[in-house]
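I have a structure I would like to understand better, so I am pasting it below and will then ask my questions one at a time.
Every chain is named by a letter (A, B, C and D) in the order it is written, and numbering of its residues begins at 1.
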Amino acid sequence: MTLHIDIPEETFGSILAKAFRNTAFVAGFVITLLILAMAVVSYGWTPYDVTKLVIADKTQAPSLAHWFGTDHFGRDILSMVMVGARNSIAVALVAVGIGMGVGVPLGAFAAARGGLVDEALMRLNDLVFAFPALLSAIMITAIFGPGAVNAIIAIGIFNIPVFARVARAGALAIWPREFILAARAAGKSSTQISIEHVLPNIATLLLVQGTIQFALGILAEAGLSYLGLGAQPPMPSWGRMLFEAQTHMVVAPWMAIFPGMAIVVTVLGLNLLGDGIADILDPKSRRQR
Amino acid sequence: MKLWKTILAAAVLSLAAGTSAFAARTDLVIGIALEPPHLDPTAGAAAAIDEVLYANVFEGLTRIGPNGEVLPDLAESWTISDDGKVYTFKLHTGVKFHDGTDFDASDVKFSLDRARADNSVNAQKGLFAAIDTVDVVDPATVKVTLKNPQGSFLYNMGWGDAVIVAPESADTNKEKPIGTGPFKFQSWAKGSSITLVKSDTYWGTPASLDKAEFRIVPDAAAYVPALLSGDIQAFPFFDADSVAQVKDDPRFKVVIGSTEGETILSINNKKPPFDKLQVRQAISYALDRKAIIDGASAGLGLPIGSHMSPASKDYVDLTGRYPHDVAKAKELLKEAGLENGFKATLKLPPPAYARLGGEIIASQLRDVGIDLEIIPVEWAQWLDQVFTKKDYDLTIVSHTEPNDIDIYSRKDYYFNYDNPAFDKVIADLGVTSDEAKRKELLGQAQKILADDAVVGFLFELPKVGVWDAKLQGLWENAPIQANDLTKVKWSE
Amino acid sequence: MNLLDIENLSLTIGDTPILRNVELSVAPGEVMGLVGESGSGKSMTALTVMQLLPHAARATGRVTFDGIDILAATEDQMCALRGDDIGMVFQEPMTALNPVKTIGEQVAEGIRWHTKASRAEAEDRARKMLDRVGLPSAKFPMSRYPHELSGGQRQRVVIAIACALKPKLLIADEPTTALDVVLQAQILDLLRDLVAESRMGLLLISHDLAVVTEMADRITILRHGEVMEAGDTARTLSEQTHPYTRQLAQASMHVPARARPHGIETGRPLLQVEGATRDYPGRLASLFKRAPTIRAVDHVSLSMTPGQSVALVGRSGCGKSTLARMILALDQPSSGTIRFHGETITGKSEAELKPARRDMQVVFQDPYGSFDPRQKVEKLVAEPLHVLEKKPTRAERREMVAHALHEVGLGVSDMDKYPHEFSGGQRQRLSIARAIITRPKLVVADEPVSALDVSIRAQILDLFAELNQKLGIAYLFITHDLTVARAITDEVLVMHEGKIVERGRTSEVLDHPQSEAAKALVTAAPDLHRAIAQRMQEQG
Amino acid sequence: MTAYLLKRLAIALATLVLASMVVFAVLEILPGDPARLMLGMNASADQVELLRNQMGLNAPLAWRYLHWVGGLLSLDFGRSYTYSVPVIDLVRERLAVSLPLALIALALSTIIAIPVGLFSASRRGRAGDTISMGAAQLGVAVPNFWFALMLIYVFAVWLRLVPAGGFPGWSAGIWPALKSLLLPAVALALPQAAILARVTRSALIEVLNEDYIRTARAKGLPYRAVLWRHALRNAMIPVLTILGLQFAFLLAGTIIIENVFYLPGLGRLVFQAITQRDLIVVESVVMLLVAAVIAVNLLVDLSYAVVDPRLRSRQ
């Protein structure tokens, strides 16, 4: 499949102006900002202490005192959602970081070298892709023990081939360009060309993929911690909150509703942001999922 | 929303109308949490095997009754020699295995010899350790000679691991169990369900149910929807945490019974700083049992102060030994030189009581300065790391074997507890058959454990059964983990 | 009565005006040439007639086809007209066909749709039509897919689709721009014949004045969405009354002023290519069998002296670009040697190539694609400085860039701009600035003006000529356009199927070609002088 | 074409071999002793050792690997430690749930997504497009297990139309079996459909900008005919890619949904086997899933060639 990359010919200002006319971008940006703000605020302040169990106050319906109600240990769900945001974001962000940090250089290198190196790297990529991601993540956490760090590694590993693929496809679309030929004629090495010319030109592609993987990372983290393989108590996590809510669904549906909404809104926000960026920066670029 | 609900409810009513009237049912779907790895109770420790087969498909010489009493089963009656070493069992006659072969004394000898053989994979070989010889006197009489008298021998013969199997089918029981019970095995859809049907050739009172399906529901969260949707009519071992959702529903009966499951916060007694008595006592003071019971067993567990079921006649109430006292706990830690607290790990096996209790305990211990890192582990890891390798600080587990206070005297047991005084009490107990004397010794043992704060004693695991209000005859208590369906029937 | 009448047509897309008061008409059997540079609105005029404009487009005025008011017609009416009474041929034959359908299906589809003919009937007609456009089914079965055909053959399929139902009007939008001159001549012949056969009206859209002159009875010259001049081809172009018409015509024939050509100088040759061959392995036909090796360049030898300007001409796919890349050491020959300044540059590492790179630069065809859009001019133009032994300081670098920009007619202030802030012609100047910043001895220019409008192209050719004089740079022009070769080179190498088949002084070769390949190129090349002369004869 | 096929096949095989090594190596370092687990807390070390010997756990590593691979090749997957039945039987039973579930979900997702994608692409930028793509955005964002939970409470608990979980087996009849797969299939399909609809739409929009669409329009075909006859098939490649990925995901990634609905599928088999250290089951099933993913990828590659004649003649 060929990848078209239309390189925008705009200045920062005009992009910004365009950004704020793009509904998806604005909505995504605002939502993401709010979630981030929530996570940041939770470091300094939450309505209640999430490590403090008040069994006497368990499964209280939403009220003025507890906007989102309380859970089976009497903890304030709003506070837990706030602190949980921190966990979700940290896990997903670092996992994306791992994926980008390893995958992009690999993909760029494969595209720059071509031939056997490319073939070998891409086959390696296929190998990782051949493993069912969630299952493998479970295996990884089963081996190294459940916890946020291992969840990050498990999710991060499966981000690597995604970014490698996107980076390679993007780089392959850039390499035949004449400006690369010009740089080669100027005697630049393939590493220099990759850094100076290729990476800046596929940055938007990677940014968009990054937001998608970020959103997928949030979902994956929720899934893992739903299975009890994510962050461990007392650190609240959205997935585990949903798991715990299940045994109280009939009497305390709010235990399931609010963390669920938190996941949906965050993922929605990130996806909108990604769509928005893609629309603004290169309307024709094709994203890979 | 309101309107929607009305419309939908109307639609549902019209749909449900067709199925509402039915005669007294003779079928039952029972939910169980764990799937048995195979179906041979004499070759595996998994409680799930007994939950399906015990008393239903397989029978022993004796059996355990709903309240933990020993009842005759395949043995009609027995006599015990004066020295307490020879048991002569008189067997029922006319008993047939489900494959049509006859049951007689040779099957008993085969089963007992097989269970105690060197290459036996019986998970409870200890039950048979006292047996010296098994002799067939005549087809209806069998004589068991013990190496030394054993007070619990008849009880032991009532375990699922001691059921009688036929030599013809012993090797295939894992897949296709053949027993003598009122139900015979019909099918096993792996991962999904095991179905039993009534046996036409049963020697005793036939069962009321024609068909019983044990459906495997591994996730406690699915219990309530399964009940509410009518898919499953009984959960003999329900999730305590979910009880609140059905307890006010008139369609269901919630039955709280007792188990032999002492739920404890196990402590690695040799690992510093837990080797210090003050530290262990501080932990005991720091625990707020009420909150733990409320949070981890929906308020249904009975508090314990030592390793004995409150339902036991030998129970001594020691719950007041360490009242919840944060100041006292801190003081003890200070005495132990740990006024700044310390860090430790808490490994939690999968059951809800452990995972929920662990979170509460971690929070309570944090209040006295002990910072616990929670490490959830699967059973496999738990057995490997905690139970076998003793690589742990704290863990929570329910010891469900009945009358198992002796575990604290076992060498190399995972508590790493070693107290000669306690060992002596247990040794004495082994050779004492006088009831009053035994009671006293057991009381002493309980007290020593409490004084040493060997572990944090939490609560007796409640047996929460939830089933259709019209269902009768299911066990309320769980002296052993079994679902005896012999007397179960639908009212109406 | 005219077949097509466009009166007072104005078009806006969003807020951007595209056409203003355009007047145009085509009579049955007449060829109307619509000429203009890029952005003049030629294609939009055609799309207005087809009613295939983008959603945001708004047209006013009057367009009448065969008595039907096109602007007021419903979509259903238009569907009935399109493909039946009006056919259209597009510029890009490589993408104009659906890659997943056979050519037979694609030609038959329109026939079936409009005539409700049976599949067999439609296929029969399609076969005849393909035969007519030069794709006999014996040689080109209808089950062929577009990718199995060459560009020229694909364009024939597109023409077959457009003409399948003998339309009254055929619109051809730059039908030959993407093809080389020889193919261009063939396609133009085909169109001319089709028009003559069925008295079709033809609206021929092109930027190439020579092509239009050869073909059209009347021409309309469009600029910035407005008609500059319209009339009989011969009269319009011979009189050149309108200044814009004159400008266009002169630019088309422009020859830069050059002093005495170099190339006879003796001394050390600058570049020597000896027996250079480049093979590409054939694709894997099966696991054990490969298709035969493709030899892109076949034992080519050539030599250039300092300051000489040489053209390498040939049809597309003849191997000229591959040769250029080998000379630039961007590709390795399979055999043979290339020496620059007497030093072998084949098989050398990047580090060893540095001295050669300093003296050898390149200018590419596409002024848009040859600059990294993320970098500023200063950095882009300075890129070749990378090969200098002594890295210039930042101030020195700016100085050098400023100087290079000055030499190509750009200002110092342009240094801090991004490439997109420049027009196509300006970008080609930047490209040249980049090429000369290291004061090279040789510049390889691969089709440097073929993407430019005629007027811009004239200016760039002048710049090349000027730099050749001033700096003594030798040029190797890779081109398929003989007018470029004629305008600026001393010597011509004609390449055909990987080999050099003819070489000699430019005027000699172009006026008296000896080889078949050279002859074909020369005859096919449109020439405005010749075309006007011919028109004058025909139209009197 | 054959060369292309053979090359793809060779790559697939090499990937399989590598994957088998990875799987085997990973499971070797998994902590926990299956023998101990089978025997429970009260078993002695001798008993455990005996069982380990019986299960062949004490043989050398390389021998066990080769033995395992040899077994896989002859379709002998070994015996499950916990179930003590041949793994192949377990797999067959579980596949009887997982495969139909995956296929139903895939079919549902395709049936929903392709028309929505077509609709949206043909109405690009209009209200219908905005609404359906907004819904798709929401669908992508909803975690499927949460969605499943909501479905259970509405359709099983409240409306009692379908079972809340469990699988009666195909022997119970087609309809009861299908009924119990309905909710899980919907829970799996909707988020996938959302993704697929978005991909279909953007692939179509891309294709609709191609030159040959204009050629087709110039032939006089109405927009709708162009959409169906020319655009859809050309937009199939990204759609097929996603479908392939989704099928692979559906075969193996349904663990959570299988848990929520306590379905005896492959995913739960592996999950259970991991927790019970039934290594032979984990190894075999993971290998099988990897093989399935590779096979699906191969199929997708081949289907590209069916859809796009250009690939048929390419290396």
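Everything that follows uses one rule, which is that contacts are C-beta pairs under 8 Å (C-beta built on N, C-alpha and C of every residue); 3 or more make two chains touch, one makes a residue touch a chain.
Since the model is a prediction, treat every value here as computed from it, not as a measurement.
> How short can a path of touching chains from chain A to chain D be, counted in steps?
So the least number of steps between the two chains is 1.
> Please tell me whether A-B or C-D has the greater number of C-beta pairs in contact.
C-D
> From the C-alpha centre of chain A to that of chain C, how far is it in Å?
Distance between chain centres: 46 Å.
> Rounded to a whole Å, what is the gap between the Cα centroids of chain C and chain D?
Averaging C-alpha atoms per chain gives centres 50 Å apart.
> Averaged over CA atoms, how far is the centre of chain B from the centre of chain C? Could you give it in whole Å?
A distance of 86 Å separates the two centres.
> Where does chain D touch two or more other chains at once, residue-wise?
31, 153, 259, 274-275
> Scan chain C for residues touching two or more other chains and write them down.
Residue numbers touching two or more other chains: none in chain C.
> Would you please write down the residue numbers of chain A that are in contact with two or more other chains?
142, 246, 249
> Report the complete set of touching chain pairs.
A-B, A-C, A-D, B-D, C-D
> If you look only at chain C, which of its residues touch chain A in the complex?
328, 330, 350, 353-354, 357, 360-362, 364-366, 369-375, 380, 383-384, 386-387, 418-420, 431, 434
> Across the complex, what residues on chain D touch chain A?
Chain D residues touching chain A: 11, 14-15, 18-19, 22, 26, 29-31, 137-138, 140-143, 145-146, 149, 153, 195, 199, 202, 206, 209, 237-238, 241-242, 245, 248-249, 251-253, 255-256, 259, 267, 270-271, 274-275, 282, 286, 289-290, 293-294, 297.
> In their complex, what parts of chain C are in touch with chain D?
Those residues of chain C that touch chain D are 50, 52, 75-76, 79-84, 87-88, 90, 92, 95-101, 106, 109-110, 113-114, 145, 147-148, 158, 161-162, 283-287.
> Can you list the residues on chain A that touch chain D in the complex?
1, 123, 126-127, 129-135, 138-139, 142-143, 215, 219, 222-223, 226-227, 239, 242, 246, 249, 256, 260, 263-268, 271-272, 275, 284, 286-287, 289
> What residues on chain B touch chain D, complex-wise?
8, 11-12, 15-16, 35, 37-38, 44-46, 119, 121, 123-126, 174-175, 189-193, 215-219, 221-222, 225-226, 228-232, 350, 378-381, 383-385, 387-388, 401
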